[in-house]
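Each structure below appears as structure tokens.
Each of the next two complexes has chain A plus one more chain, namely chain B in the first and chain C in the second.
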Partner chain A sequence: MRPENYQSVNHPPSNEFELFFGPNHPGIEGNYALKVRVNGDEVTSARADGGYLHRGFEKLMEGRLWIQNIALVPRICVPDPVPMEVCYSLAIEELGGIEVPERAQWIRVMQLELSRIAAHLFTFGGHAATTGMYTPMFWGIADRDLILDLFEELSGGRVYHIFNIPGGVRRDLPPGYLDRVSKTLDYIESRLPDYDNLLFTNKVFVHRATGVGVLNQEQALEWAVTGPNLRATGLDFDVRRDDPYLVYDQIEFDVPVEQAGDAWARALVRRSELKESLRILRQVVAKLPSVGGPIRAPIPNPLAWNLPAGDVYTRVESSKGELAYYVVSNGGDKPYRVHVRGPSAMHAVQVLENLVTGARIEDVAQIMFSLDACPPEVDR
Partner chain B sequence: MSTLKNIPVVSHEKPSGGTGNLLANVFDELMAFCRSRSLFMLHYCTGCGAIELPPAMTSRFDMERLGIQPMVTPRQADILLVTGYVSTKTLKRIILTYEQMNSPKYVIGICSCTVNGGMYWQSYATAKKLNDYLPVDMYIAGCMPRPEAVIHGLRELMENIKKGESDNWRDYYRRYDHYLGNQQRLFGENWQTPTDIIGEARHYDLMGPETLGPHTALLEQHQTPLKPFEMTLGLADLPVRKDEPR
Partner chain C sequence: MSDIDYKDRGSLLNPLKSFAFFGRPAVTEAIEPRPASDNYRGFHVNDWTKCVGCSTCQKVCDNAAITMVRIPGLIADPVKGIRDERPAIDYGRCCWCGLCVDICPTGSLALSREYVHTCVDAELDSYFVLPDSSGMHGQHFEKGWAKTADADLVDLDRQKMPEMEPEQRIGNFAEMLLGYDDQQALLEASRCVQCGMCHDACPTHMHAPEYIRAIWEGKLEEAVAWIYQTNPFAHICGRVCTRRCEDACSIGHRGEPIAIRWLKRYAMDAVPHERVKQIALAGKVDTPTGKRVAIIGGGPAGLTAAFDLAKKGHAVTVFEALAEPGGMTRWGIPEYRLPYDRIDRDIDVIRSAGVDIRCNVRIGQDITLDQLRAGHDAVLLALGLQQGRQTRIPHSEHEKVFRAVDLLNKITANEPFDVPHCAVVIGGGNVAMDIARSLARLQKQQYGQVNVVVTALEEQQHFMADPDEIKEALEEGIVIRDQCGPQGCEIDAAGKLVGLKTWKVLSIFDENKRFAPRYDEAGETIHACDTVIEAIGQSADTSLLGDTLTEALEWNRGRIKVDADGRTSEAWLWSAGDMVNGPDVVHAVADGHRVATSIDAVLMEQKK
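Our next item is the complex of A and B:
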């Protein structure tokens, strides 16, 4: 009684053996798998085995109305859903020629940065847990919950908000919301030294992460690496600054860059980015009360909304890397074609396979978490 | 196959049945109580609902105070949490995992997608109703359910285990033909798993009227017979140290 994938295979005699790393494995990020060939402790070859989370998003979106897809897109990347909504909304607004009110843009930036902080805190926890330190994981998840509370107050949902719609945002901020945001920011900022003490200057973590999964700049560009992983190789590129969308051109922030390109550098870039996100949020909180006006541009009846024919490509910087949507309309009420350019599909397949090869078996999980790939987005 | 006969009926066999000796009944109740208080949950994140499990397990909501802990291997786990949509590829792994778990075992379907397909009702890649393929003990609806809802569902399951009402794992043996039929319809008629469910049902006296049927006949027709596994090491070809005596 063996299914075809359980047939015993006659390998040529060697010292290697094949290890199934996932999908049911605590060291793997989500429902994803790696088939690793190991010689002793050393990985000789690796093969990414995705598809466990495939739902056929791009096909599903062709069968739904423009507005219905807003509820569908955040499911593509579960830990960081806001950039999905915003990027898709930006695409539709560009296609339909809708001007988003300024207040809605500032609220969107606030959500994007809150989501980035939440995703980075989650990643710190996961990365620390793969090196055997479980306290940062508990801390990160607990601190992330404070941000989820803010989201819940704003939109009613902890994880999926569906708050950004084409034309703006669903509703205005509740009274006293900005005070609570700044209180949470104060708290997270006061926690940063604790994280430094516990994780980023911890000898165990530094020794485990330094020199692991080294990616140089040429390889990174060749393998379509984006986001914090690219900035960890020394390339100074951030979509928020170099191709600004929303109101990022009115906000002051730095783009943290590290040179080493290993797991340690990637963790440091994320840590600095968290601080920059706090800085951006402070500016947003200071600016938002003075920005009045509507929160939503009028859109036609969304149930019978035919967007003009054409195609559009919009991109935003999500916490995982560069996220882009290519949307084609043929003048109908549904998209003709939607392509999602997710960052994790590159990070978790070709980059992970190449970085894992030659590494030691205990570093496989760490490399995967340091690349911060998001399996639902890989498979889509 | 959409007859009334195929709707799963949960058979409630209370341990305090009244027959038999009193001590055995008391012992059964004690066992059920202890079992409900130490549940190991398989660490397998199948879908997006898994993102609400870390908050539920760690310091804020702290599932561990209820005696529930994640466990990495299926053989030591009691609960299979199916967190969200299951694609066809994942469903194969879930069935393999479920069959490896030791009885008594419980399946919890989290998120709307396990109930009726949720928002992927028209997707070509996902299985819509989990109940067609595995006996589900508890559904926790929502997209996605909050950690409180997850904990509430687990508490209900604990109560059911204590009362002896959660025994859907017997259903998998008693109505194996039904489940296997649905699995074969999805995966093709030569679908088979390494676990011998019929043999287990015979061994533990769990044969029901629908354990055997047309689908198990098809299984027996297609399955390759189990052979004793012989480990052959090609020692002669292995690179060994030269000073090592052969």
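Our next item is the complex of A and C:
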């Protein structure tokens, strides 16, 4: 029975309806929601909602000692945690005037590139899955596991390595470790033709991805797009090469660039980056045995470590794009403020909303994944 | 750019090549747990025999996952720096970052290769674990993430104290240690993990973690305030304390303990004396209580008690037999270890609290004890140990055989005496080192060369003296002959002392651990010398008590028996310091506080 004060509402006649993507959706790694308004098959507007994974990292960091935060930062981006650790450490080192020993720098580069490969394998799989192809996803996850094995051996943790510390790294390489890295690199390299057959030269995937979610260079710059997504629009910029950190200036590698700016171009940039990462890792494996010395610069007792007052901005190239830390110290033993400039915050909000608008409903998930955004990094 | 032929837009046939995989084995993962890597960060293991319960793991834990739990049955030993607490881990909070392992001062904590734990809802408490060396489920998994030398988060090396070179210091009595500069003090203070073992071990429970933290924060006046809460002999203890704190320091288990004594010295030297006086007198009672206390002996125990009682409003008079107050710190310890102006500063603070110190007054001669008792509501005996013990070996009554304390007194008083050309010291304690090194300086000044031999029963590594003292004595050219038992002084026909005869020591204690040295006569040595100095301990001179009182008091092995508060069997008389506890500055300070509390309580009770 209707209540007495019931008044019927006359909605204007419309073909639109609202569709809720998420918060658990295969279109993105983690919990993230996208509310899309759809007219027939066409999306008319979209609203991103990143609040499902808010863990308050930046605020939490203000209450912890400088060194305690190393256990917190990798959690900001689960599939690609190493850039978080390294970038935070670089910021602390710059604030404290600590010089990182060369061996530690090479070990850091090794981790960064291993992590990039793991993240890209994850993304291929995810991207394929959003177009209905699940085999690359199984393969990607299985092959990524081999890299996690390497991380487990190195750092004792498979997903959260917590291995980089201000001053360097926490342990030296286990005996024979580089041989096992080489073996895994050989294996992953041998798998690339399989991925190509199944995905990158698969007519179905190429057609599904081409022309979807097109981003031109002006838009990309305006919306603060970075990383593979930016390079897929034809802009040749990579922090590793153009603002080198660690020992990247001693390493030879190319920066893959595509022009189309669509989901296909983005996938292709990542696929080519994978090969470049393998190339970098080969150089690191060849170089590391000849780099001796300590793995960590001496750092003060973590319980009594005041960093000089000041602020720093450090950036690294993560698999998702440019990752930066803005750290402010007021001279105390804890950060006064930490701001994480995660690439996904831009990719998953303004870029995603704009790209999805006007797209077809079956492409929404693909566009989401082709941007390779990491939800916990959106809402820190 | 890409190595894929992108222009052909792919082929429908390419994916079919993957059919080849039908012939290959699938990627499978075994269901049973697979062994973890050598470095794995699994559940904790903790070696309880190494763990001292210092709680540093708890402090570094970023998730507050560690709680220190008191374990019934475990033995706590504050002197050695061991607590009866062990870390318990809440695996609902732990993130396995392993910072606890990297900072653990003793290296007892490690993460194991064990990583499987499941339970039903009713057993959720099983995630709260008190790890021991057998691991979470007692299965003795191997260690995973454990301490390595290159990844230690604890700074094991202390800042080196700047000191004069041996050639520089040997010809004079100038202070040989120069003190930390600001930077060194800051670096040294930053090593502290604030475990508080030092506080527990210190006889007077100084707030060492607090003042070290204050020094690290650059708040030196705050540091001085913390120091004065428990110790008015701040300058003195900053230089010559026996530093029980450093023996208990948790960093000392694997490295060099924090230089707590030098940090105290730094803070005291850095703050201007007038400011120290203001800080020290904070909390002094303004209204006099009208009670009068007499203290016999102006050493650490007597003056500490005097300072406390004066701050509580009692009228305190200290009677000192010698020309200057300070007791053994002034009359026993040589100037190169403890300059007199530092003693004067400590005494000045105590005087400024309103304590009346009367020097050159010997109770029993100038004033009788009965007179004192009549004029005061309470009397404290803090005589110290002023009489040198004698070996009583043959010919030790010779005029060229001295007691170390007597000579040290003379040196402090600047009394002239014949500096021996060649001296043999009997004894291996700090007093032996003090007299040997003082004589070495005098010899250098007067004769240009050092000729002092120290003989002792023990092996050199078991000497009672501070290892630093032994090292410095050797640097200064003093010869140490260990395992030498004195058997008699050698006198020539003219009655002149020519040497000391010793036998080689086989053992010092018998099976019941009683003092009963055994000698090997074949190992006889004659140490040629013109003077022998006995430095084998001191005893109290209690002759001022008089026969009646000596008879009335209860005694315990030659020392006056006191209760837990320092009160003797006579209600009006308390006793404190070395004469009750044996020689040690910081024990004397602790004792001074204890009797002051007791005297104050009794006097205030009388007043009601």
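Quick notes
Just so we're on the same page, the second predicted complex is superposed on the first by the 363 of 380 C-alpha atoms of A that agree within 3 Å, B and C clash if a C-alpha of one lies under 4 Å from a C-alpha of the other, contacts with A are read in each partner's own complex, and residues count from 1 in each chain.
Everything below uses one rule, namely that contacts are C-beta pairs under 8 Å (C-beta built on N, C-alpha and C of every residue); 3 or more make two chains touch, one makes a residue touch a chain.
Given the structure is predicted, the values throughout are model-derived calculations rather than measurements.
Look at A:176: by the touch rule set out above, it reaches neither chain B nor chain C. When the shared chain is aligned, chain B comes close enough to touch A:137, but chain C does not.
With both structures placed on the common chain, the touch criterion links A:97 to neither chain B nor chain C. Once chain A of one complex is fitted onto chain A of the other, the partner contacts of A:25 are limited to chain B, with no touch recorded for chain C. Once the two complexes are laid over each other on the shared chain, residue contacts for A:56 go to chain B alone; chain C is not touched. When the two structures are aligned on the shared chain, A:294 is found in touch with chain C, with no touch to chain B.
When the two complexes are overlaid, the chain among chain B and chain C that reaches more residues of chain A is C.
Of the two partner chains placed around the shared chain by superposition, chain B and chain C are both touched by A:72.
In the superposed model, A:162 makes contact with chain C only, not with chain B.
Using the contact criterion defined above for the overlaid structures, shared-chain residue A:207 touches chain C, although it does not reach chain B. Residues 71-72, 138, 142, 160 of chain A are contacted both by chain B in one complex and by chain C in the other. On the side of chain A, the complex with chain B involves touching residues 1-4, 6, 8, 12-15, 23-26, 30-31, 51-56, 59-60, 63, 71-72, 75, 78-79, 122, 125, 137-138, 141-142, 144-145, 148, 158-160, 376, 379.
Put simply, chain C touches chain A in their complex at residues 1-6, 8-12, 14-15, 17-18, 21, 27, 36-41, 56, 59-60, 62-63, 95-99, 102-103, 111, 144-145, 148, 150-151, 153-155, 187, 189-194, 213, 216. Those residues of chain A lying in contact with chain C across their complex are 64-65, 67-72, 135, 138, 142, 149, 152-157, 160, 162, 170-172, 174, 194, 196-198, 200-207, 210, 254, 256-258, 268, 271-272, 275, 294-296, 298-305.
Chain B contributes residues 42-48, 50-52, 54-55, 58-60, 70, 72, 74, 85, 87, 89-90, 92-93, 97, 119-120, 122-126, 143-144, 146, 190-196, 223-226, 229, 233-234, 237-239 to its touches with chain A in the complex.
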